[in-house]
Amino acid sequence: MFEAKHSLVAQSLSSPLGAELVNGDGVGFGWYPNVDGDRGHPAMYHSIEPAWHEENLRELTRAIETPLFFGHVRAALAPPIQQTNCHPFRYGDWLFMHNGGLGHFPRVRRELMVDVDPELFPHIRGTTDSEVLFHLALTYGLQTDPIAAMARAIRRIERAADGHGIEGAMQGTVAVTDGSTIWCFRYSTIHHSRTLFYSVDIPTLQAMYPDFERLRTFGETARVVVSEPLTDLPGAFVEVPESTVAILDVDGFREEPFLRDAA
Amino acid sequence: MFEAKHSLVAQSLSSPLGAELVNGDGVGFGWYPNVDGDRGHPAMYHSIEPAWHEENLRELTRAIETPLFFGHVRAALAPPIQQTNCHPFRYGDWLFMHNGGLGHFPRVRRELMVDVDPELFPHIRGTTDSEVLFHLALTYGLQTDPIAAMARAIRRIERAADGHGIEGAMQGTVAVTDGSTIWCFRYSTIHHSRTLFYSVDIPTLQAMYPDFERLRTFGETARVVVSEPLTDLPGAFVEVPESTVAILDVDGFREEPFLRDAA
Amino acid sequence: MFEAKHSLVAQSLSSPLGAELVNGDGVGFGWYPNVDGDRGHPAMYHSIEPAWHEENLRELTRAIETPLFFGHVRAALAPPIQQTNCHPFRYGDWLFMHNGGLGHFPRVRRELMVDVDPELFPHIRGTTDSEVLFHLALTYGLQTDPIAAMARAIRRIERAADGHGIEGAMQGTVAVTDGSTIWCFRYSTIHHSRTLFYSVDIPTLQAMYPDFERLRTFGETARVVVSEPLTDLPGAFVEVPESTVAILDVDGFREEPFLRDAA
Amino acid sequence: MFEAKHSLVAQSLSSPLGAELVNGDGVGFGWYPNVDGDRGHPAMYHSIEPAWHEENLRELTRAIETPLFFGHVRAALAPPIQQTNCHPFRYGDWLFMHNGGLGHFPRVRRELMVDVDPELFPHIRGTTDSEVLFHLALTYGLQTDPIAAMARAIRRIERAADGHGIEGAMQGTVAVTDGSTIWCFRYSTIHHSRTLFYSVDIPTLQAMYPDFERLRTFGETARVVVSEPLTDLPGAFVEVPESTVAILDVDGFREEPFLRDAA
């Protein structure tokens, strides 16, 4: 979070690969605390302050040990800046976060919200496009088939955009998890998404850079998925191609094409 | 705001006539600054901090002179506590605030939001029942006939509640203004609303209490509408009856029955 | 934190034994996360929002498992409301919190701050009397002999108050810990302090109330020290007398007289 | 505040001439509302949110008309981010703000605070070097001779820094006002301060740029002092030299050398 050259907190102040230079409109994270009585249910922390001087953030990320951690810094196009607009979003045991946006969202917001399962509707609490995308995907079966549900949700958004004459319906990267597997999507309607990278496995990296101290602090099975590589070490991070889903589980990463057919 | 025994800020800590003892879930106000280039357009201030130690509130209310001022302290049933949930709400030159609630709002929220004019829908930014009530009233013509529009909006809410087997659809007091006239509604579906009072005109009050210093600081045409009387002076405040709208304009107050017929 | 009848969060809204009815000026907690690489160093969370609807508080306290937990809700006499004024305070591995106040603190603040060890001075970040009391106690050796250091700090405050003609120099309860032992002080210059209670040991309590479900969720060695008893179960909580320090460690509670001699 | 290319709010996101690229650690302003009963006493607004999406800021600056307005966006070296650290600071009818810093402030903080007049000491509420500088200047007579008092305060800081082996004791620009006159200092111990500019008088500017629309909205006597020119119009802004005080009153600007002699 803090120490790497391009850590999440460093990115909040200056994000060289991002569409926005500053990501100062709040910060959030989610994790699986695995406490007695609530095993497998994720917890979240959301703050509207910029990450760089957020003192609770520093305390909490130092104190938390967890097998799976989601972190997000926000750059808002416009107000409101409020905790309900901070990522990740949660439903049941699932966490969801998004780096990107829906084109001209205010014009399609109502149509998409009406399409959300009425049972899920009261669970929408903020004003972001990302939260609506999450609830559309939940409506379309995210919890049973995440890839198919994300595909259907995005196609639904693209239809809504078409109907309003909007280009660039969907853009960005999305990370979803049930606590065991992480699905990372890179997709945009116009095939020009935010960047997405994952780390080479740690033993390979340690073999490549035997003298690099920090690598020794990682467990052998540690994996990192990021918008921007944490380090400049050549070979340490692999870029996920456009229109691809990267799936991370105990067996490591694998990639699949995502929405490469015509809409 | 601050100095009377039952001032708005005193009510935030302890509200003897209110349904909630503490109104610590934010504060807001609106006023008509009448600056050049934007005459007649209201400004707003919203804060999620409790009113009693909110330092900006003290600065701003001391510094603002305005012919018409709306103030509100919030007691939320549940989170989120965020500025978009603070009253008053604004649309164009209109301000709206509400003390009360819609029964089991999460169950009717979607039905009511779908009924809001699609042009107005993107303007809903928070999660409160009050904001949806405001936008329903706008949908039904608040800006041309406020009393008829409020009546239609409330009847619409009562129908939605009926459909979900909810009793106590609507409850509370509502204040609406266009900057010239203030309409104050006291109404509940089960005829048991929060209290509402307005002040006797200042010359009468000054004649009744010739020795009361603070009364001399009010202009002759000053009028106050409140949930709880600011002072214990007998005769200073008149209670608005259940199912009534009190209308305040340059001619003073008048009352009309409101929704006294069967639904 | 949340579920007992007089839980910390319930007390934030209504504190029947407290000097202040509402404790809505922020919330904080500290705990010993025992993560690798930082064993024994406490972490803290501070928020200026009232506890009752603070969403991060609910998330974090559900997710944290720790052998030792300090929680505090604040009632401020005056602004500023800011995280640096939230309890607990930390120095090295020590946590400190205070329920009460120093009489006419603004008049003695400078004298007491000047008396703080210059090395510790830059560590004072807020405006509260409690933080100055903590740093005075650190100056006088809190980390080597907590009881003697607290006694010296309080006597120092009483001398400063005397010099300014202030009665009621010190009042309240204080909890201090190094992560292993907790020292709980109840003392006031005029011998009329806030209340302080500790729980009877759990096996005794379970024997007294064999049918009480919640008691089964506590471990056999669980101990609670509180300003107000969490439950109304007769015999469950023991009041700490005026001018007493209660010491809690792995052997349970014991009491000692504290500052009972003339000043 | 908002509309110019290098407005204060634009500078909060990206400050090309500043030492910090992002000024996202809060925003504040002060003004002279001239309301009845409190004529000449300034009011303030402070917020810990970044200026760029701060909704109250937009409302308030649109609604306020005042003959004299101070605005500030903050870039903190470190936490805490809190309202008591936001500029401007106020004492009586005086406002003060600072762009810059004292070198290694934590090491001289205690010495300088002890030097503040004990009567003024309780008025220090935050943790910034700027607030201590203000109170030193007040101690040395700011309200009777602002230039001499600022000179004495800075020399005092330089002596404290010398004593601790600190180079770069003082750096920055300072603006002070009593509501009638504004004194703007540009000074650093090592003669390399933040930039400071003031606007050419409006009639001259209107003559230079007869076709420039926005200039027509300014009154003939409007004056602006800024860290960075609001526009790229050649000739519109004049840079204040190093070690200079610029004095603005009803007669316009004039400059005087400031601390050009050896310390």
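Worth a mention:
Note that the chains take the letters A, B, C and D in the order they are written out, and that residue 1 is the start of every chain.
The criterion applied here is as follows: a contact is a pair of C-beta atoms (placed from the backbone, for glycine too) under 8 Å apart; a residue touches a chain by one contact, two chains touch by 3 or more.
Since the structure is predicted, the reported quantities are computational estimates derived from the model, not experimental observations.
Think of each touching pair as a link: the shortest run of links from chain B to chain D has 1 of them. Of all chains in the assembly, those touching chain A and also chain C are B, D. Chain pair with the larger contact count among B-C and C-D is B-C, by C-beta pairs in contact. Both copies, chain A and chain B, contribute mostly matching positions to the interface they share, with over half of the numbers common to the two.
Chain D has its Cα centroid 40 Å from the Cα centroid of chain C. Residue positions of chain B touching 2 or more other chains, listed in rising order: 55, 80, 83. With chains as nodes and touching pairs as edges, the resulting graph is complete, every pair of chains being joined. Contacts from chain A toward chain C in the complex involve residues 31, 33, 35-36, 38, 43-47, 55-56, 59-60, 62-65, 83. Of all the residues in chain A, the ones that touch chain B in their complex are 80, 82-84, 106-107, 109-110, 113-114, 118, 121-122, 125, 127. Note for the complex: chain A touches chain D at residues 13-14, 21-22, 24-25, 48-50, 52-55, 76, 78-81.
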